[in-house]
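We just call them A, B, C and D in the order they show up, numbering each chain from 1.
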Amino acid sequence: MILLFILAVPLAAGAMSFAANKRPAMEKINLGAFGLVLALAGILVVQVLRDGRVSAWDGFLEADSLSALVVLLTAVVALACSVYAIGYFRDERDHIMVSELRKYYTLTPLFVFAMLMVAVANNLGVMWVATEATTLTSVFLIAFYGRATSLEAAWKYTMIGGVGLSMALFGTILTYYAARNVPGADTLAGLNWSVLARNAPQFDGTTMKFAFILVLLGYGTKAGIAPMHTWKPDAYSEAPVPAAAMLAAGVLNCALYGLIRFHVLAARCVGPQFGSQLLIFFGLLSIGVAVPFVLVQKSFRRILAYSSIDHGGIMILGLGFGGAFGALGMLLHMTFHSVTKPLLFFCAGNVQQRLKTDLFHRAKGGLIHAMPVTGSILMMAMLAVTGTPPFSLFQSEFTILRAGVTGGHLVPTAFCVGFLVTIFAGFLVHFSRLVLGPVPAGHGSASNTEQEPCPWKKYSLIGLASIVVILGFWLPRPLFELIRNAARIASGEP
Amino acid sequence: MIDRAFFGGLLAYGAGAVAGLIAPRRSVWPRVLCCGLALFGGLLELCASILSLASGAHAHWEIPAGVPFLAYGFRLDALSSYFILILSLLAVTISIYSLGYLRAFEEKKTVGLLGFFYNVLLASLTAVFTASNAFFFLIAWEAMALSSYCLVSFHHREESTRSAGVLYFVMSHAGTGCLLAGFLLLSARVGSLEFSDFASGRAELTGPWQAAIFLLFFAGFGVKAGIIPLHIWLPEAHPVAPSNISALMSGIVIKCGIYGMARVFFEFLGMPPLWAGITVLIVGVVSALLGVLYALMEHDLKRLLAYHSIENIGIILIGFGSAMMFITLGYHRLAALALIAGLYHTMNHAIFKCLLFLGAGSVLHGAHTRNMEEMGGLIGRMPRTAFCFLVGAIAISGLPPLNGFVSEWLTYQALLAGFGTTESLTRVLFPVAGALLALTAALAATCFVKAFGITFLALPRSEKAERARESDSFMVTGMAILAVACVALGLGATLFLPVFDGITARLAGAQVSGDLIAAGGLALSAGSARGGTVSPAGLAATFVILSVIPGLLLAVRRSKRKRVTGPTWDCGLPGLTSENEYTAFAFSKPLRMIFAALYQPRREIQAEYEVSPYYPKAIRFDSEIESPFEERLYVPVQRVVLALARRMRAIQAGSIHAYLAYIFVTLIVLLLYGVRS
Amino acid sequence: MTAIRTALAAVMQLLLFLAIAPLVTGAIRTMKARLQTRRGPAIWQPYRDIHKLLQKGMVIPDTASWLFSVTPWVVFITAAMVGLLIPMVATHAPLSLFGGVLAVVYLLALGRFFLALGGLDAGTPFGGLGSSREMTISAIAEPAMMLAIFTVAISANSTNLSEVAKSAIGQSWRFLAPSQMLAFGAMFIVLIAETGRIPVDNPATHLELTMIHEAMILEYSGPYLALIEWGASLKQLVLMTLLVNTFFPFGLSSAWTAPGVAAGLGYYLVKLFAICCAVVLVENANAKMRLFRVPDLLAVAFVLGTLALISTFLF
Amino acid sequence: MITLMAAFVLVLQIAMVGQRWLITNIRVFAAQSFLLAGIAFTIAYFNHAPHLYAAAFLTVALKAVLLPIVLERLVRKIDIGQEIAPLINVPVSLLIAGGLTTVGYLVAQSLHRPEQTASRASLGHNTLAVAVSLFLIGFYMMISRRKAIMQVLALLSLENGLFLAAISLTYGVPLIVELGILFDLVVAVMVLEILVYRIQETFDSMDVSKLSRLRG
């Protein structure tokens, strides 16, 4: 029941803001809708914690701890983004007309709906459809500004995404084929994950291997795993900041969610070994690919994209390491990343809106004097996202690396540590140059004060920042319980 | 009791941090509250450490962290308490000093921020020294690095400061990476993150694992300690920080590396291989020698002091290295002696280096320059500062009867005894190390004759120095306490030694303070009274007694003698001016010539003259020495990495066809892989 | 009881040192002059100088600080203290409990430290020049000295000079061992360098470009100068004593008894005379080196020291 | 019978690779989709899988009729040159297509399960090979084609491969999923059409290799 509500609310919101024709109305609708979604997600989490799984329509929609976690994270990200979006677009009042805004405020709820659908759909086919839907709903968010570059980004996003998803579909079909011997396979429930997971051991091994390969590439494309990552920097730097944040923190989770589901099936069918080595390889590759681009990066929007490629890599590395800590570390990482990355995007957005550029060398530095709040939070978020203690991402990375060493994957772990240090160096060099320094010539000591006209941006900033700081020292018990149960599912425990 | 004091101290630091954030800007409150609370916290920590050292009790506390299986654990054993003792001593004095020093910062609104990070740094240092599991240790370690980074880049308006800060933080983070890897290996071997389990599980640590772990930790802690060749950040980062922070960093932050080495090498590593000890010893000698040689070439007072930190870390490592070798060779009492030498020097260096940096700070505060060539004659203008600095200079030069002498003496004794521990040729290592240590000490004395003489003596070389004023009583008090500590730790060495029993018992498996104290506490002995004794107190007493003789000599017919002050002989020139004075640069000239092979000095002289080259109108003289590690090691590596990175950018050239091709190829390859398997 | 004996011994040895020190300086000067077929000053000249200087008033440079006045005290007293740490006429140095050979080295270093500061304090270029050179040379002389000392200390396995002397006496003719000879060579070079003798420094010169020790004390006059001069000769004597009594510990009386001391004193003076002769010969045989040749000489000393060390267990 | 049709489908796909004219390409695609529908009908008939009829019908309606019309309209609206001008010239492309077909057969080989009854096996095996080949060749065409619209077409033919796989291997995934997939497909094409149109008017060209401003 709750699941239906969760899905219905954003749909309705989308419809309403399509009908609405005033900016404040649309803002209110979105804000209210996402607030409601978050509340419902909270309830869902409570129910899941209480009795394991919640399902509707005889198992067509089903939410276990893993889905609940993803739903929760999506809801948080969506709310934060909608809060920020208000401020963001109000500051662009002068060159954005209401019709375009309607496009944004209509597509965003649909986008969120698709993401939630991915999480709660039990049928792998439906999950695929929902994933495709996330692409389709977000294309026009990326092409929002209608610049040549944003069209380019959108095109690449659609093409690469389309190919990736067709691979994912192929994988799904093969999975179905691999499961054909299972009694009752050719009914609708035949593609239900809960059913498949139960019978996975009887699947046809070879087919499952191919299926996993294709799915890995397919959902990996959505998650932006190297070498399928190429659409990310373009999309993230062209989309409006809130949308970009949602792509980085929302879609990533959904794609990885899909990957986890199939990994469990493959692991139960052909043993974890096969999947693990692929995951480790691609995870390491993604982290490694991020390194050079972070080191010599010109734009502080694109560098965020590479950071999320890097984090996607870390997560599937954790999934690949497996063991007691691997999946747990991965999901912890997913949680912490989902609150940290949007914060970074928001700061970058403020800076870009103020300086009218996203290039490091154009921004003369000394940001801390011009915009103290954003500047300091940006520095903090930068440190947090590079996994610097005492911020929470360090805990998850530590867990993942520990899983690697305990699993005997010494070489990958060593490489991972090396890459992470280098990435940190790149980030520190770039952002310290951006934030610190003398007062730039542009704004003297006279205007040496915070100039962020719209308070909403500050709300989202400070709210998320405080969450990040708190998570660094204290993780609420129930949340950890949820994550641990989710990790049990992800690590394939029956 | 102990825990109350301990956590009370931590809370005080925390309160200080908060106060720094919320106290009204541009008022006295941030300064007073931050420094006051830090002072209070320091006092509490001092009590805690003294209590636990006295009782020998091992206190242990756990606080559940964010993720349940990663806990914040504190453990206060002998070693931790010893370092807490050092830390809190410095915290107290520096806080007193800062009360005066930060007054100059008050018109800037950022003094609160400084106070915030200062308190955070103190708290995280406390945590580093007391962390009881790898996870919390890393957290505290990086928090320490982070806060010190923020403090280093406090004057971030200067480009030099920013780059120094970044260099520091990047290298420190790389070090942390090594530590992370090392701890992960340990935990994989032992199956836990608890230090206690590391210590108990050290037996099965052998072969390549042990080697890898040793190297990782040596690199990781070495970066922080500033051993050569991982030192390049140190002379950049320490000078640019506000002086009270420089004092804290050179005094105790780099000691975190030493603490870590003591912890890991002697407690977790089991029986270290002989080459490990040799490595540490050699690195120590090299660091000591090169550190002091580069210090000699510096004319920036704070950079000079920073290089001396490298030197003293080297001396400490000489002690540690030989201790490791002794453990391997099975001489536990000798190991204890060497370990004591190293640890004692750790404390002494913390104290006199802090004293010297505070002195430099008050010179900077008075004369507004760090360049020694612009100073001079300050002894008349800031006599108290000068006196304290002199004490520090004597102590760091290892001259009797101050504390530096005691620890160096112990080091010599350990090295001498080491000669008998093995038959192989490695035995030569010990005396040669001793000889080079002697060279180091002598060069250090030279360097501080320069530092003190040029800075404080003779005529002021600039009107900045002319207008210098003595610092206020807070700053002087801070320095005075440390000066007293230098003397006390020198004269009262025998009273202090028993402190080490708890540590050496755990780390080296022997308690030797009994043997080290001879003649009823009057003298210090090297293991046995035969082996040689020294008594700083006795020497000091003798000095006082003997001063009767010159007293008498000067007393005879004093009435007839007149004592006039006249102008210094100026070679017949019209009056002696500061141009005539010997400069710091000239002072170190002979050594620059002698060690030219090392310095590779480059000089250029441009003379402008009208009639004949023998009567130049103006002469420009430039000279610079090479800094080999930057130019030969780090810069090339960085260049290569960045070049590679730029080449890699071709991957993302913007062509969608290429992007699709990547996926396509991957797909084909994986499909074939699937076919094969 | 023993304390009183020790105190007496200390006083006695101190007086002996104070008494003999100028004599040695004088003797060396005279012998040198004779070798150069000059009449030279009388052997008592140093005493007269000191007495005269003590009578005179003194001029303190107006640029100088209190350090300027402290320096002579420190120089004199450290030298005197060192005298109490090394065996002179008896194997047991009165204050050997207070420090061994390391203490000797570092006390001399303390004196040098202050002397160099005193040289800088006046603010004259010569002072700085002197301090810089003095510190440099002594610094690079240090390792050779240490190696030599270690050689001795290792074979006696003690850094306590009384112990060293005892063990040396125990095994007479030990000084013929190669290690001892090499170490002696090293020590002798160091002695030359430390006491500022030709070829390293020329105590007789006052030519700006070649001065080292003299340059530092250029501004001193009157009683302070007397203290410094006396201190310098004390230091020289002390170093010589160290040399002779560690390497050739003949006739050191095993206890502080009147006959023993008398005999010891006799032996001591003979040995002292020998070493003075050696110094004189060296001074006459060589010309003063350029400053930047000195390191080569000390490098030789260092090599000798190392060889000595290695030969302790190779032979 | 089915194998034969599948073979034809493959031939058509390779023809698309060799084909230079845009409109023709669209028509070839229509034909291919039609054949697929035929296959679907046959399977439905022989194996009594009723819900496949619906799938087949939908295929005809959408892929064989609707999409080609939409695309042709688009081509007419922005009257671009008919020439395709691929990045890689035709002979090489054909060779590559051949290679990809072999890859397809390799994959099908390793999926081949002897223990199943002959008809299903042969059907599964061969048609699967064709399906994989279709997929790969379609993918390859996306890489080798310059024009945005051709990439769309290639994507669609790639989807055809999927459809073939779906029906031949598993007699169609559950109908509702099928519906969802097709629906998605249509939406995708609409979206792409809009994009293509806007690209055309922004860059006044459809050469996507000109879309290369975002680098690094």
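Just so we're on the same page, contacts are C-beta pairs under 8 Å (C-beta built on N, C-alpha and C of every residue); 3 or more make two chains touch, one makes a residue touch a chain.
Given the structure is predicted, the values throughout are model-derived calculations rather than measurements.
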When each step joins two chains that touch, the fewest steps from subunit A to subunit C total 2
Distance in whole angstrom between the CA centres of subunit C and subunit D is 101
Separation of the C-alpha centres, subunit A versus subunit B, in whole Å, is 44
Taking each chain's mean CA coordinate, subunit B and subunit D are separated, in whole Å, by 70
For the pair subunit B and subunit C, the C-alpha centroid-to-centroid distance in angstrom is 35
Subunit A residues touching 2+ other chains are 155-156, 159, 163, 206, 210, 233, 293, 296
Within subunit B, the set of residues that touch 2 or more other chains is 649, 652, 656, 660, 667, 671, 674
Residues of subunit D that touch two or more other chains sit at 107, 110, 139, 142, 208, 211-214, 216
Pairwise, the chains that touch are A-B, A-D, B-C, B-D
Touching subunit D in the complex, subunit B uses residues 649, 652-657, 660-661, 664, 667-668, 671-672, 674-675
In their shared complex, subunit A is touched by residues of subunit D numbered 107, 110-111, 113, 135, 139, 142, 148, 151, 155, 158-159, 161-162, 165-166, 169-171, 173-177, 180-181, 183-184, 187-188, 191-192, 195, 198-199, 202-203, 208, 211-214, 216
Subunit B residues touching subunit A in their complex are 65-68, 70, 135, 138-139, 141-143, 146, 153, 156-157, 159, 162, 165-166, 169-170, 173-174, 176-177, 180-181, 184-185, 187-188, 641-642, 644-646, 648-649, 651-652, 656, 658-660, 662-663, 666-667, 670-671, 673-674, 677
Subunit D contacts subunit B in the complex at 87, 100, 103, 106-107, 109-110, 136, 139-140, 142-144, 208-209, 211-216
So, in the complex, the side of subunit A touching subunit B is made of residues 155-156, 159-160, 163-164, 167, 206, 209-210, 213-214, 216-217, 221, 227-228, 230-231, 233, 274, 278, 289, 291-293, 295-296, 332, 366, 368, 383, 388-390, 392, 394-395, 398-399, 401-402, 404-406, 410, 413-414, 417-418, 420-422, 424-425, 428-429, 432-433, 436-439, 471-475, 480
